[in-house]
Amino acid sequence: MLRYTPPRNERLERTLSLDISGGGAELNTAIGTACLGLPSTFISVVPDNGLGRWLVRSARAHGVDVAGIEVQPESLGRLGVYYLEEGVDPRPSAVTYDRADSAMARIEPGRFDWPAILQGAAVFHVSGITPALGAGCRAETLEAVRTAKELGVPVAFDLNYRSKLWSEAEAAECFLQLVPGVDILFAGKGALRTFFHIDGQTEDVLRRTRAELGVGVIALPRKRNIGSRGIRLSSWALGEGEIARAPWVETEIVDRLGGGDAFAAGFLAGLLETRPAPDAPIGSADLNRACALGTAASALKHTIPGDFLCATRAEIEAVAAGVEAGTLQR
Amino acid sequence: MLRYTPPRNERLERTLSLDISGGGAELNTAIGTACLGLPSTFISVVPDNGLGRWLVRSARAHGVDVAGIEVQPESLGRLGVYYLEEGVDPRPSAVTYDRADSAMARIEPGRFDWPAILQGAAVFHVSGITPALGAGCRAETLEAVRTAKELGVPVAFDLNYRSKLWSEAEAAECFLQLVPGVDILFAGKGALRTFFHIDGQTEDVLRRTRAELGVGVIALPRKRNIGSRGIRLSSWALGEGEIARAPWVETEIVDRLGGGDAFAAGFLAGLLETRPAPDAPIGSADLNRACALGTAASALKHTIPGDFLCATRAEIEAVAAGVEAGTLQR
Amino acid sequence: MLRYTPPRNERLERTLSLDISGGGAELNTAIGTACLGLPSTFISVVPDNGLGRWLVRSARAHGVDVAGIEVQPESLGRLGVYYLEEGVDPRPSAVTYDRADSAMARIEPGRFDWPAILQGAAVFHVSGITPALGAGCRAETLEAVRTAKELGVPVAFDLNYRSKLWSEAEAAECFLQLVPGVDILFAGKGALRTFFHIDGQTEDVLRRTRAELGVGVIALPRKRNIGSRGIRLSSWALGEGEIARAPWVETEIVDRLGGGDAFAAGFLAGLLETRPAPDAPIGSADLNRACALGTAASALKHTIPGDFLCATRAEIEAVAAGVEAGTLQR
Amino acid sequence: MLRYTPPRNERLERTLSLDISGGGAELNTAIGTACLGLPSTFISVVPDNGLGRWLVRSARAHGVDVAGIEVQPESLGRLGVYYLEEGVDPRPSAVTYDRADSAMARIEPGRFDWPAILQGAAVFHVSGITPALGAGCRAETLEAVRTAKELGVPVAFDLNYRSKLWSEAEAAECFLQLVPGVDILFAGKGALRTFFHIDGQTEDVLRRTRAELGVGVIALPRKRNIGSRGIRLSSWALGEGEIARAPWVETEIVDRLGGGDAFAAGFLAGLLETRPAPDAPIGSADLNRACALGTAASALKHTIPGDFLCATRAEIEAVAAGVEAGTLQR
Amino acid sequence: MLRYTPPRNERLERTLSLDISGGGAELNTAIGTACLGLPSTFISVVPDNGLGRWLVRSARAHGVDVAGIEVQPESLGRLGVYYLEEGVDPRPSAVTYDRADSAMARIEPGRFDWPAILQGAAVFHVSGITPALGAGCRAETLEAVRTAKELGVPVAFDLNYRSKLWSEAEAAECFLQLVPGVDILFAGKGALRTFFHIDGQTEDVLRRTRAELGVGVIALPRKRNIGSRGIRLSSWALGEGEIARAPWVETEIVDRLGGGDAFAAGFLAGLLETRPAPDAPIGSADLNRACALGTAASALKHTIPGDFLCATRAEIEAVAAGVEAGTLQR
Amino acid sequence: MLRYTPPRNERLERTLSLDISGGGAELNTAIGTACLGLPSTFISVVPDNGLGRWLVRSARAHGVDVAGIEVQPESLGRLGVYYLEEGVDPRPSAVTYDRADSAMARIEPGRFDWPAILQGAAVFHVSGITPALGAGCRAETLEAVRTAKELGVPVAFDLNYRSKLWSEAEAAECFLQLVPGVDILFAGKGALRTFFHIDGQTEDVLRRTRAELGVGVIALPRKRNIGSRGIRLSSWALGEGEIARAPWVETEIVDRLGGGDAFAAGFLAGLLETRPAPDAPIGSADLNRACALGTAASALKHTIPGDFLCATRAEIEAVAAGVEAGTLQR
């Protein structure tokens, strides 16, 4: 997707220019893992026009392998677009979607050769937005998860729900099908309550989610707003051992979008790198490290314009290590 | 008036570009009521050049009926301009006026046909700035108020004082003539103290103002600064019954100008819509509703660049209803 | 439609910002006639979001009556968008359409109440692009023309063909149905050749078109390119008398789009104003005047960014009168 | 004066931003001579606000001695402003003046201490615009010329006429008073015809002007337009000997304003530097050199945004020497 | 290298912002061949800071394989920068180099593992600028050419000379060493005259160059300026058969830089693709095709901001095929 | 130095434009004193190109006497540049230096004629950055201090240390040589601890510093961060009497750079103006006044983009006097 943002808090109906950036949950995460130095591939279809090429160029620039993005004739679908009005209290930031009939939304089941794509992958990550785009996307998501299982590729799933795309009932039906195949689940408390009726103290929610949904790891990002432009970020996760926690990171918001996807990127990197052995259970990795790296990536993302993280491994590690900010480096 | 603003907090003496927006207390209010869906007419004169057309275009774009703006030869006066330097603590935002000899300031008494203009209007609103512009403006303001009285059109007046335009003594003399014709008075505590020697607790000020000045409704916007960029907004009003109050709205400031004018717009809309009958006393309307709508309009104005409110009825109602902000809508 | 243009000749695939302007053949013409001081109404449907409001605001700002633009729920269709890459030789300017599933393209037959809309209109103008948008648009165009005929409202039609929207065969079938209802036909020689097999010297083409198609007036804009940025503009027309001609106007191109629509606006204004009587035949108007005004409007449009003409009557008249340009007015 | 320009050929009535640059005939010339390395002082009054400081800063940045610019209270007058719409054929570039009641226009006779200012100056230069601003400016211009004569400081005068400031009759009366004190006259053929009824072939005009008006040197800039953006520049001058001529310089126009003032700057520099002795007649200087330097400065000015020349001595000399352009220097 | 350009023809000494783009002869060519769909690798060293990453990102975005760009500590050298002032007649566009002590200029002999780099390459291309940067660059260039010879990889060399980097004598000495290893020589007539004393009619120059220097192919781009902004482009080349020629392409200049490098890219693509067999002599390829593709790529480059070509294969082929431009595609 | 800043918090590696401003500790201070109305001269060398002229122009625009800036051939050294990425928590603002081989860094000992430069100066100010640039700068700094001593010109020294330029050991050696010549020392507690092993309560640090280092006045700016964008500023100083203190000033940060240099400017102005007599000891001035003026200048600097203060004496005095901000002046 492309994201169009009126500059300087202007209203969409009145702006005379739009800033362009890229977006899309899985692409955001792919870019985040590329920032951390991991090889990262993004699977999608885009139209063969300037907008499709924009997305491919941007993914490539951020270090993502774009061999998996198919460029197809314009007649097979548009590139999805969304508009972001950046609000401040009491005006909410507002998204206007213009993603109907996108090339991705119109794919047919069987569009991707998942065995070829997933062979040798360290992890497969998908968000709850993709299956909401259409029947083909739904089928392909399930097929990808099934294939990953077969190939022994761990599956990560971000349980994010977009009410503008489908109803809670539709989403619930899909998520119920998906979750049994999931190894690493990213979810907020609201989504767990809505779709799996798991509620209560955060600790209990983590324990119940892992037990009831049968996932290897449940990771739960946490945040506290401090005015319109401030936020404190952390995350909790549960695998085989104790609940893991990232230290809170004081964050000032330049751009709120893509934070959750950057969290997933950092968390996955930390998990993959600390897993004792390639065939060790997912839940045996050092989840404190995964939480710290995920929260650091998310915090940095909030300080950077656009949906995409743009930071070096060293910068992310410095935040994860709690290196004091607010100081000029010179 | 046009407003010229150096971008990104730059000093006027050093900027190489200026952002243009429109301004003027009554136009701001007319645009605010248009946002709320009420028919709204603005009365003024502008020169027949690109600057005059700029203002007419902008008023029209924001939904104001511009039939009442007369476009006259440039030789009869310029378009007023003001420059706004946006400061942050401890540098105050600073206005440099360049409005001398404006077409409006130079109008002669008798310039407008008030009976024709006011016939059928739901309310006539004017600010304390207009009579400060010159003798013709002063005369026309008084004549308009007089005509409105005759026609049974309620008169709203915003008691704002600009020290760069006239002295307190001049203003006091004019305000004393105006206020007896006023039905709805917008005023801050400072202005009531300065011009009418009414001081004390806010409740008392409201009661004394209504009693001593004989206005049907007194509406008093309230604010508390929270740093340079934060503000809490509310308003109190008094009509026939108890003191009405709007809930406090936490607001982050994108642009401080035009907030009072948007408040007047929201308050008037709420008052007109809840007045029990067209001939019911002004003070019998639901002033809690008027306060809430006025404060919501003002709060939203603070989040939008320029003097003009640009928001839908639904957005204003959501703020008035206290819908939680700080959340991304998607 | 909205038009998105990468600034400064940048490629779409590489730009980080887009300039927004409005477009659409009939809206362009409506704005052109408004510039000339004629009352002008635009009929369309737009979604109830920031993009729909953008278009309404812009139409209103340019002086068009927007009462005929219906704002409907987003679910009924998007706002059409097109991207313009501004090329110079040998790189052609290129349009990327993103107008599929627009609110307008998805209208159902019977959507507009044409008798109410057309009652009292001086002329009804439609372009060949509108019926290309979909079956509903096609049906409504024919119905509008039929209604106009019944009400005695002259019909103007611009025979422009967009190959990206439909095939020549589809267009030909539609145009054959439409043209018998047309009083004033705007067409280039290429379209007349393609759709009506009329070819030859320009004089002959005009004569044969009027005779064979039975239109009251045929108006044919002419142009000669002078490099990438220069153009010479004129127009010829034929009504009841001799062939009318506008003097050639040397024009430097700032923005090539909307020129034909501005020509239609100027031509219609000239024709309506010089028609001997309200019920006189269309072809009896002073077509030399119509050509001059149309060419002047078109030439000025080429000097102004965006699809919309933005000029005063006096400026258009000055160009029509051949007032020498290239001189600084001070 | 400040100059406000809508960017990218936009119409003033529609622009949302303005580029700021400085202007004013004498300041332009002062900056031109500073570019050439000559000490250069500008005499004016400006208000004590951000706009006044803008002009002082800009003059200083360009190397002009600003000790002669008095900063006075805002109440004594505004800073003059003009708006430039940059047109291309057939839309003329258009100036909208907003300079009424400027600090300069409102000066009283006797405002400047000319003997102190002019003591030791190599030349005093003034344009025909200054006396058009008001009675005080007129009186001060005459007084300055009178004082210069007394002190033996050569007087240069640019016979430019602004019809928006005064009538031809008023200008003629003033110019007749001024010209007897002038040593170096800059004038176009149009102005010489209008104000002194001198007409004919350029050679004859030069000879008659020198003879009839009694000036030491008459310098006449020449230009031929080549489309909207091209121009060929030269100049002819007559002193004691033969008619001097600059070679034609092919010039592409980035900004048309200030070219004549830059010509005066270059011409004066060339004249002062080649005058055989400090007390030699003005007309005995090498006027071919003066013409070449003046035309080079003017040509370069046309390639630079804003009214002000911004070029080094070396760059101006290279153009004067006819060094081939169109080649990239690397 | 990075290129910093003051926007809108502003002078460097006065600009308040700089547009950034990338540059460097070999990178420009690598990007050009990537546009044409050929795999393309760029060999360089950059510092490990934001500027180094800028260049890597940009190369990657344009489709170049960046595995050959080494990111090394900042202390080993800066990233070269150059400033481009875009002039128009008579002001030349001017380059200010700030490339001293760049990481590339400071490399030591033996820095690159050429056998590994060149193994399997279809061609090795280098410009005359690289050996001018320093002794290490000179040694590495010679070593690369020697290694290519050994591996049977054809060597392309662009004989461009930068007088700001070294003297003609130094360059001549180096070029004499290089040319015997060259298979495809790109050169203008001026450079052939200066460094190899080959002069005369273009046909003779081509024949003598091929014969005397012993290169397989000599390709010579041709251009004719048409004012400041227009240019006609073609190219001639000589291999085993007759002199090949590209048709002239009328081109309007948006950005003059990188045209020669784009020519080399297009020419090499055409040559490689039409070479009868992988081991056929270079000179047996279809050089008319190579010329046409090279000139088309160069012409398109001139229409695009920055040094880098950004166009699709289809667009380049369309220009090579002489598809009529100047028409809007819609 | 020039400072290049990616706009709107963008990462350097991704930005397509850079905002330019000027910088350099001593120039910042010189501009600060010029803002306060004191004559102010800056001594440096710059290359004879557009970048060198940029700096000279900017210094001149801000009111600094530039006669002491020597413009020398480009071959003698570049103009230093630094890049500033503006971060917010937890991303630190980061400086990328590109100042190696600058003209200033490469000066030879004996480059400046200090007796001529310092004759008659009220104070000589230098920072700890200058001697870090190179051996020539170190020698010249010591020579300047020695000369100032001889001429009785008070020496002010800002003990700021840049770890990217030299080691602590190198700096310590130099500072030990310099400090005996210093009359007014600006230093933070960290630097005093690092270089002079003075630590403890602020009061004690002031007393020990004055006693042990033998400086006439020690001035110590103080700050407390309040989030990423807020800061409270004050300063303490010790001369002959009691410890002087500035009231805390709540400050919102627009730009963090140059604050310390502006403090030095304000402090020096206050000190020089309140010194009882030209030959009275430095320490006998009114240091409360100096602190207040310094802190006010620093606070205002934080609210202004770029390194340079841009404010009037009246504005600085208003902040020093604690005039309430946060209010719009109109």
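Order of writing sets the chain letters: A, B, C, D, E and F. Residues in each chain are counted from 1.
We adopt the following convention: a residue touches a chain if its C-beta (ideal position, glycine included) is under 8 Å from a C-beta of that chain, and two chains touch if they have at least 3 such contacts.
Here the structure is a predicted model, which means the values were calculated and not measured.
Student: Once the contact rule is applied, which chains count as partners of both chain A and chain F?
Tutor: The shared contacts of chain A and chain F, listed by label, come to B, E.
Student: Is it true that over half of the residue numbers where chain C touches chain D are used by both copies, so same, or is it different?
Tutor: Copies use mostly different positions to touch.
Student: Taking each chain's centre as its mean C-alpha position, how far apart are chain C and chain E in Å?
Tutor: Once rounded, the distance between the two centres reads 46 Å.
Student: Nearest whole angstrom, what separates the Cα centre of chain B from the Cα centre of chain C?
Tutor: Averaging C-alpha atoms per chain gives centres 41 Å apart.
Student: Chain A to chain D: how many Å between their CA centres?
Tutor: Computed value for the inter-centroid distance: 63 Å.
Student: Which positions in chain B are in touch with at least two other chains?
Tutor: Chain B, residues with two or more chain partners: 11, 13-14, 16, 53, 57.
Student: Every touching chain pair, please?
Tutor: Applying the touch criterion to every chain pair yields A-B, A-C, A-E, A-F, B-C, B-D, B-F, C-D, C-E, D-E, D-F, E-F.
Student: Can you list the chain D residues touching chain C in their complex?
Tutor: Touching chain C: residues 8-11, 13-14, 82, 87-95, 97, 162-164, 225, 227-229, 256-257 of chain D.
Student: Okay, in this complex, where on chain D does chain E touch?
Tutor: Against chain E, chain D makes touches at 61, 230, 249-252, 254, 296, 299-300, 303-305, 310-311, 315, 319, 325-330.
Student: Inside the complex, what are the residues of chain B that reach chain D?
Tutor: Listed in rising order, the residues are 4, 7, 11-21, 49-51, 53-54, 57, 78, 81, 83, 85, 96, 98, 100-101.
Student: Taking the complex as given, what residues does chain A use to touch chain E?
Tutor: Residue positions touching the partner: 53, 57-58, 60-63, 312.
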